Amino acid sequence: MSGTLGRVRADLLALVPDLGTWWYAVALGPLLLAAVLLLAAGRRAAPPGHRVLHRGSMVAAGLSALGVAGVALDRPVLEASWIPSLGVSFSLRPDGLSVPLLLLTALAGVVATALHLHPGREPRPEPVDLADTDPTSPIPVVRGEDVPGLATYHACLLVVLLGALVAFLAGDAILFFVGLELVLVPMWVLVARYGDPGSDREGAALRFLLVTVVASSLVLLGILAVATATGSTDLALWAGEGGASLGRGSQLAVAAVLLVGLGLKTPVFPLHTWLPWVHATAPTAGSVLLAAVLLKLGTYGMVRLVVPVVPEGFAAWSPLLAGLGVTGIVWASLVCLVERDLKRLIAWSSVAHLGFVVLGLATGTQAGLQAALFGNVAHGLVSALLFVVVGGLKHRWGSADLGRRRAAVREVAPRLGLALVLGMAASSGLPGLAVFWGEIGSLLAAWSPAADRPEGWFRGFAVVAALGGALAVAYTVRVLREVWAGDRVEPRVPDAVLTERTALRLLGVLVLVLGLVPTLLLGVTAPFVEGVLGR
Amino acid sequence: MPDLPDVTWSDLQLPSLPLPHLPAPDLWGSPAHWAILATLLAALAGLGLTGRSNRLAAWVGVGGALLAFLATCWQLYTLTQIEGARRGAGTIGALPLGDLDAPLRLLVTWPLAIVAVTVAAVALVVQGYARWYLWYDPRYRPFAATVSLFTSAMLLVVLSDDLLLTLVGWEVMGWCSYLLVGHQSTRSAATRAASKALLVTRTADVGFVLGLLVLVAGAGTTRTTDVVRHWAEAGPSPALTAAMVLLVVGVAGKSALFPFQDWLPDAMEGPTPASALIHAATMVAAGTVVLAQLFPLLSVSGPARLLLAVLACVTMVGAAVLAFAQGDLKRLLAWSTVSQVALMLAVLAAATMGTGPDAALQHLVAHAWFKALLFLTTGWLGVLVGGTAMALMASGARRYRVLRHRFGWGLLALAGVPPFVGFFSKEAILGTAEAGTAATGGGFVPVLVLASVGATAPLTAAYCMRAWLVLSRPTAAQGHARLYEPDPVERIDDFFDEPQVVQEAEGVERAEAAISSSARMGTSALMLMTLFGGVVLLLPVWGPQAHVDLQLMAATLLLMVVSALLVRLAAGGVRTRDAAARIPAGVSLAAERGLHADLAYRVVVVTPVLALARAVAWFDAEVLDSWVRGAGVGSRLLGRVGDLTSPRRATPALALVLAGMLALAALGVVTA
Amino acid sequence: MSGLDVLFVAVGLVTAGAAALSVTSRQVLHAALWLVVALGGLAGCYLVLGAELVALVQLLVYVGAVVVLVLFALMLTRAGGVPVVTGVPQRVAAALVGAGTTVLLGGALLSAFGWGRVPIDGGGSTEVAATIFGTDVWPFELLSALLLMALVAAVAVARAPVGGQDDPSQRPDPPADVEAVQGERP
Amino acid sequence: MIRPALPYLLAAVLAGLGVYGILARRHAVLVLIGVELVLGAAGLVLVTVAQTGAAGDPGAAVLTLFVITIAAAEVVLALAVLLALFRARGHVDLHAELDAHGEEEVRGRA
Amino acid sequence: MTLEVDLSSVLPVLAPLAAAVLLLLMDAALPGRREPHLVVGALGLAAGLVAALPGLRLAVGEARSSFCLAGGWCAYRADHLVSALQVCALGAALVVLVLTWRDWSAPGPGAGAETTGRAPVVTALLLAATAGVVAVPAAGDLGSLLVALELATLPTVALVALVRTTWAADRRARAVDGAVALLTTSLVSFGLLALGAALWVAATGSTRFDGATRAEHPELLVLAAVLLVAGLAFKVSAVPFHAWTPVTYAAAPLPVTAYLATVSKVAALGGLVVVVRALGTVEGTTLVAVAVLAGASMTVGNLVALVQQDTVRLLAWSTVAQAGWVLLPLASLSAQAASAAGSYLVVYVTATLLAFVVLAAVVALGVQARPASLEAQRGLLRSHPWLALPLMLALLTLAGLPPAVAGVVAKVVALRPVLGDETWWLALVAAVNIALGLAVYLRWVAVLVAPAPRRQAGGVTAGQGEAGTGDQAAAAAAPAGDRRRVPVRLWALTGLLTALLVAGSILPVGAL
């Protein structure tokens, strides 16, 4: 079977035109160009209508996705001197670790740009008589609309994508950092300006920004410490050295700083409190990008900057990291049982999923790392899917408060309902859908961690994580019971529109494909994992 | 009692027939692939591609099941052509997980192949039946797809040679049961029951997953045969015991053993085809399949066996008693399922390596036939009379002659009356348990199992008798019965019709009065299997068997007859001929509510967990988050303080300068 | 204790005493006059140390020009019309900081150079002059620019209409002594 | 022969007195006096270093001259500014509010 | 004793000086004319700039020097870093000159009365101060350092005090207040500097900076260095020597504030670099003082900047914070550290200048009563995108956030020496301050990005001239409806500086 896949891949590769490093131009160029054009267009007194902006942005994201696909297949290496005095080069070097995330980013980009932006509006009034229905309550518009600042909105989306792609592609630590930082301001604008007007969006945006900037600063410290020790900022060289040029104390310190920084971004348990706020406030596309791309930067950073670079330091911290990850799983799942805001609930479930990812990482085994990488991508897909659904529902309902009375989604919006069921099922680790393999892999790895990890602790973590898995089902059931099932059909809300359907289909199919054939992804990451831990 | 000769099972078995050696070309993978893929693809296609057409969805669902059935039959045939009758097959390729070997392979052996055929057959019947049963249901399409998926998952469990694949099938079934039970999501009872089913089974699955982790971690592979070999070679160890105990807990959840039993009767909220599928051949029986696959490990870990035996025996007897007291036929069948599945598991606990686990699988197969038949027939009658409560069902078998044999044969098989299929499987179980007793010299577990089985048999007979008495009660006005008899049911051609929304009312009416040919055919097939399925159990392909103790058999049959007569006697004075009416009302009510297990769940698990969740949420918002909020507020406050205290006069500024200088200088001198 | 030591102690005591009075005197004018004494004493110290040129410059520039300038400023600003000293707490703090400075500096210098005696062998005036016009010509040139600019700036600032009580139309004359400073260039 | 400790001590005392003068006085001119004392202390150290052989080159003495001259230049400008201050505010109190506007801004907010 | 004199290498100092003197002479010869003076001044600065440019190409170890002794010591020594600082200072001064062109060339309202003190004088002062700034980093001995520093400081005091005669009397008085604040601090700092210099000589036995290798009294040397650093730190506005900064910045005319915030800082850093380099040659010395100063400056500066309501004050406190960043690398006392600080300073100066130029343009627009207040700039991105975008770029550069990669690289460069030394506590303080700083600048950016408020008609009345900055009175005099145009020279400056930052972001040159 894998032989067939390999052949298929070879055939596909033969079909792809060999553009070499020009792929990068295709992948990054449209984003940059379109972002600039959109920004300029938004400045005009009479900006173009939403159709033009929306389509332009989608075309840019689509083109870029094509380019990313080309990059993923061709894997060209670009090396150019950038800041010679610091020894920093502009090097783009995709590998088994980054390719899945690149593709995920491109996909998330297409989805995010495809979704319509709607002007924030007040929550729909609740029917006075709860038993009765309120046929006059307005049905919200879910198609494209002329929203003020739409051009800037799309430009911000594209810049976020650009930054994330750069970070994932970067073969140089400083370049990675630049990419990491590039996403912050547009994301901030997205939340602060286009977020839910009913909540404190400025506060949430600022919270996001400050937390992630503290995180970035710590990452920068770590990067610089390693850079001064090794005398280079080349990530491949760092990984090759395996921390040889750092003493144990330095490794511990660097690992601590980097892990705290990246843990804030990921986010890992006690540093997670910003995430639900931001998710609850961000516009749907922002949530999609945040979940599918930005959080990935944290875990990617851990795998890229910590695991191979300061192995000794990482090994020392990994029991703590794993413990925090596991705590996060249970913690977030418990909160999900009582959370009243649906969007926040989904955000909490993200925390739980990333707990599994962190647990896998911390085990230090190939199985764990593979599972973590898989779980990472799977979480990106699933939470993007869920945020598309939940964001859509929130717009339709006027708020995501579960305490409000509303029509059963299954009755009034079956397409959204199906996507919700799929997403929640995947989120609770239903096998055959993507998340399962990451979770079970993490558990397997945690039960038999690497030789230098305390086995007893990790087994305990595995037990707790398994319990967390059961809690995930509990909150899934809760959501489906409260949102999906039921007999109310008023106030009516429209079902998924074309853009949502397309996005949901795209994500749903991928969730399913990855769940059914996990080897597709595991095969891509395996060489990298072997290279890191097989030494 | 006269001295009866000893008979071993092999004496009863059919002679091995020489089958012609025909070429067995395997096109594109093995039949196992086909069986699983056909149903899986049917599920996906049913969800994604059928659009709004119920007819297409029906074709897809039934077609998938048919294909799976054919594939499993073909698989039986191919097994006869293979030396050793074991056949492995790969799936999606090994997972590249570094040191951990995860080949994800399938394996077919004779017993499992027969189980697979049974599963596929029941699924096929259920699909055909569902098309009729949900004729006017706007959600027929997702239902059909879910049934397909469910079938696929069960087949995967049955055919899997990899613990991961087993887990996949295991969990998917749990989810599908959620969707099927909660099919009528507008009814809160259905949603509640579905949630409960999923939650209870998934909670127990934590044990399953952990047990699996232990096994896999020890063996370094997920391949079941290798795991079994590894641990069997290693011999009994605490780790193995722990793993098996955990697995037993997981199985207990899925199979509704005590203390997880309560979800199953509630799951009757689902549509009847779903009940038939879940409770006859698939999910609840999956534990039996898995433990049978791991039987060598179970047999060497005493505590796990003990646990399994105790749980199963308690459940077996208790459920049989509760079944008797139910006021709803479907719930009676549900409790009966609980009891019967416990029977299968109990025999696994009692069996030794000498006898092997096949008696459990035999009972699984037998149970699949008759329980599916009973459920589907009950559903049919339910449609005709508008509910499944005993009061509504009364005289059903008299009013509708077409149902009479279906009910009668099904109940006879359930009670284990010869020559029905249940008789053979029960005898196999009794024999195996007795063999276990003999092998261990009267060990606690086999004795317990033997005693419980012995006790369950008459109890089963009793509730079967009760049901039959109610169903076959002479109708109050025989004239009415005549009215139905000339043309008992109308038929509809469901595979070529499409219910129209505008004709919904008419459709309902028709469906109430009519049965489709496919549904009728399916139940007929099941009926036949109930009668002749014993032949399958007598095939020479089953593993080493215990001998049959004719004395025991006779004693059991005698007990059954006695209990049936007692029930008849008890029913005598009751107008409805319902023996359960003799039970005090309070007891009866408690029994119908599953002895308030719900309350226990809520007190023991749900309330504490929710309280913990609230505490956690509060802590998170008020304490953990405070550092973020505090950072914001604090820095602004500090800034304000700094702004207000920053000198705006020259002299204080100079003081700051000089004091700063002094401090710095002192610092410099100290650190120099 | 050599004669030079005794001499220095004598001059030093005078200097220190005058300095102390100049920073404590409540009379503004007295303070300025005590400063004259202190700076003069300092020049004396230089003389004792054998640096005649520096002593001379000190006398000329400070006593002759700066202090005169200060006195003029005092008169022009009508003695300021403000309380002379700050409140007690600040004075205590000031004393602490001052004492700290003394301790720190004295400690550092004494610990570095000890209590021993050394001969006075500084270069003569010619050497200093040679250095100024030879080696240190660059800072010297810059210094001349500095003085020029200070002068220009002082004139401009003093003449600038600054608002407040001042009426822009009545521009006062610049301080008459500015040129005097310029004249004292070494 | 001389004990360099003596001039150093005097320099320290002068510097301390100067610092005290700077901090304890409100009158701008008196603050200026404090600064002059500190500068005097610096000069004394320099001269002592130059004259007791601690310095390798005669730059130390020249530096004293530079310090004195710079001080003079500063005093010139300082007095001009003080004059301007006096004309603008009617006092030369260094303890007076210099940033009334900012203060008012802050108070307005608080 | 022979002294090699190479006039071409000291031309960056001499050219502005000569121009200043020429200006004063011209003032005598051509009373009443203003433009020629400014042209001469600009030419002088430009000549200095051009003369300093070749220094940028120097390799490591090479230097353009003058006033050299046979032993290899030079009183003036400009290597690559120093030349870069000089170019930066001269360029920034040129920008300030252009910024202030109209102010200083325009006649006042009364016939013959001048708007700004005496325009030729202020120009001369600016030139002289710049010459001092340029001379500081090249100083080879304490004498040159002290004199050059004072040359760089004293004229700025006068510049603060010399304000437009058209301003309200109260406003002019406040300028004097600002001058007093600057003056007193600079006086005391000079006292410290002098003491430090004396101790330095006592410790090393030489006034020359190459003599430090044979320090006989290391503890004395450290004390001297601390005093020198303390004396210099006031100029760079490091905490606790910063108190004058907000007062003076808010009081001085906007161009002068810009000058203080940019060119003056070069002098301070130049002095620090000289000291640190000299100290770096001494074995086993550390300067915790610099680390403490850096940490305290950035923290206090950012915290207080966070609550400011006036952009000039915000920039003042941001200067304090940025001073911490400039000082940060110097905590490690290495040659690399000096370059790092220099690089950071260059980026900082460019960004700050850009911010001030845009601020001046906004003031020139005169649409609000208090154009420098933060609220007045709400919605600037909508109303004047081509002003707001450069301003945002400048702010992001100061914050160190992409797309202003130049700022990121500057932060990277500044942090590297600290991490090379593994001074983790300082690194962590810096990390926290990146976030704090971001909050500061993004608060401003958020105001720019926010939707514009509804402007009530006639909200501005003439006479509300007490607000923060420069062309206030004139701005207030204009009725609200009359939207004045931004002068071309401001556009040119904005464009130039933006181009510099953008170029630096695309192709960051990194360390010097």
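Of note:
Order of writing sets the labels: A, B, C, D and E. Residues in every chain begin at 1.
Just so we're on the same page, contacts are C-beta pairs under 8 Å (C-beta built on N, C-alpha and C of every residue); 3 or more make two chains touch, one makes a residue touch a chain.
Just so you know, these numbers come straight off a predicted model, no measurement behind them.
Touching subunit A and subunit C together: B, E. Under the contact definition stated at the top, the chains bordering both subunit B and subunit C are D, E. Taking the mean of each chain's C-alpha atoms, the chain whose centre lies closest to the overall C-alpha mean is A. At the far end from subunit C, in terms of centres built from Cα atoms, lies B. Across the two interfaces under comparison, B-D and C-E, the one joined by more C-beta contacts turns out to be C-E. As a whole-number value, the distance joining the C-alpha centres of subunit D and subunit E reads 24 Å.
For the pair subunit A and subunit E, the distance between mean C-alpha positions equals 43 Å. Mean C-alpha positions place subunit B and subunit E at a centre distance of 78 Å. One simple way to say how far apart two chains are is to compare their mean CA positions; for subunit A and subunit D this gives 61 Å.
Subunit D has residues 11, 15, 18-19, 22-23, 25-26, 28, 31-32, 41, 43, 45, 48, 50, 54, 57, 59, 62, 66, 70-71, 73-74, 77, 80-82, 84-85, 88-89, 94-96, 98-99, 102 in contact with two or more other chains. Multi-chain contact residues of subunit B, defined as those touching 2 or more other chains: 640, 643, 648, 650-651, 654-655, 658-659, 665, 669.
Among all residues of subunit E, those that touch two or more other chains are 141, 143, 146-147, 150, 154, 157-158, 161, 172-173, 176, 179-181, 184, 188, 192, 195, 199, 202, 219, 223, 246-247, 307, 439.
Contact between chains, as defined at the top, is found for A-B, A-E, B-C, B-D, B-E, C-D, C-E, D-E. By the touch criterion given at the top, residues 104-105, 108-109, 111-113, 130, 134-139, 142-143, 145-146, 148-150, 152-157, 159-164, 166, 168 of subunit C touch subunit E in their complex. Residues 1-2, 5, 206-207, 210-211, 270, 273-274, 331, 334-335, 337-339, 365-367, 369-371, 408, 410-411, 418, 421, 425, 429-432, 436-437, 440-441, 443-445, 447-448, 462-463, 466-467, 469-471, 473-474, 477, 480-481, 484-487, 512, 516-519, 522-523, 526, 529-530, 533-534 of subunit A touch subunit B in their complex.
Of all residues in subunit B, only 44, 47, 90-100, 142, 164, 167-169, 171-172, 175, 178-179, 182, 185-188, 191-192, 195, 198-199, 202-203, 205-206, 209-210, 213-214, 216-217, 609-610, 612-614, 616-617, 620, 624-625, 627-628, 631-632 touch subunit A in the complex they form. Taken in their complex, subunit A has these residues touching subunit E: 43, 82-86, 88, 148, 159, 163, 174, 177-179, 181-182, 184-185, 188-189, 192-193, 202, 206, 209-210, 213-214, 216-218, 220-221, 224-225, 227-228, 250, 253, 257.
Chain contact summary for the complex, subunit E toward subunit A: residues 385, 396, 401-403, 405, 408-409, 411-413, 415-416, 419-420, 422, 424, 427-428, 430-432, 434-435, 438-439, 442, 446, 449, 451, 507-512.
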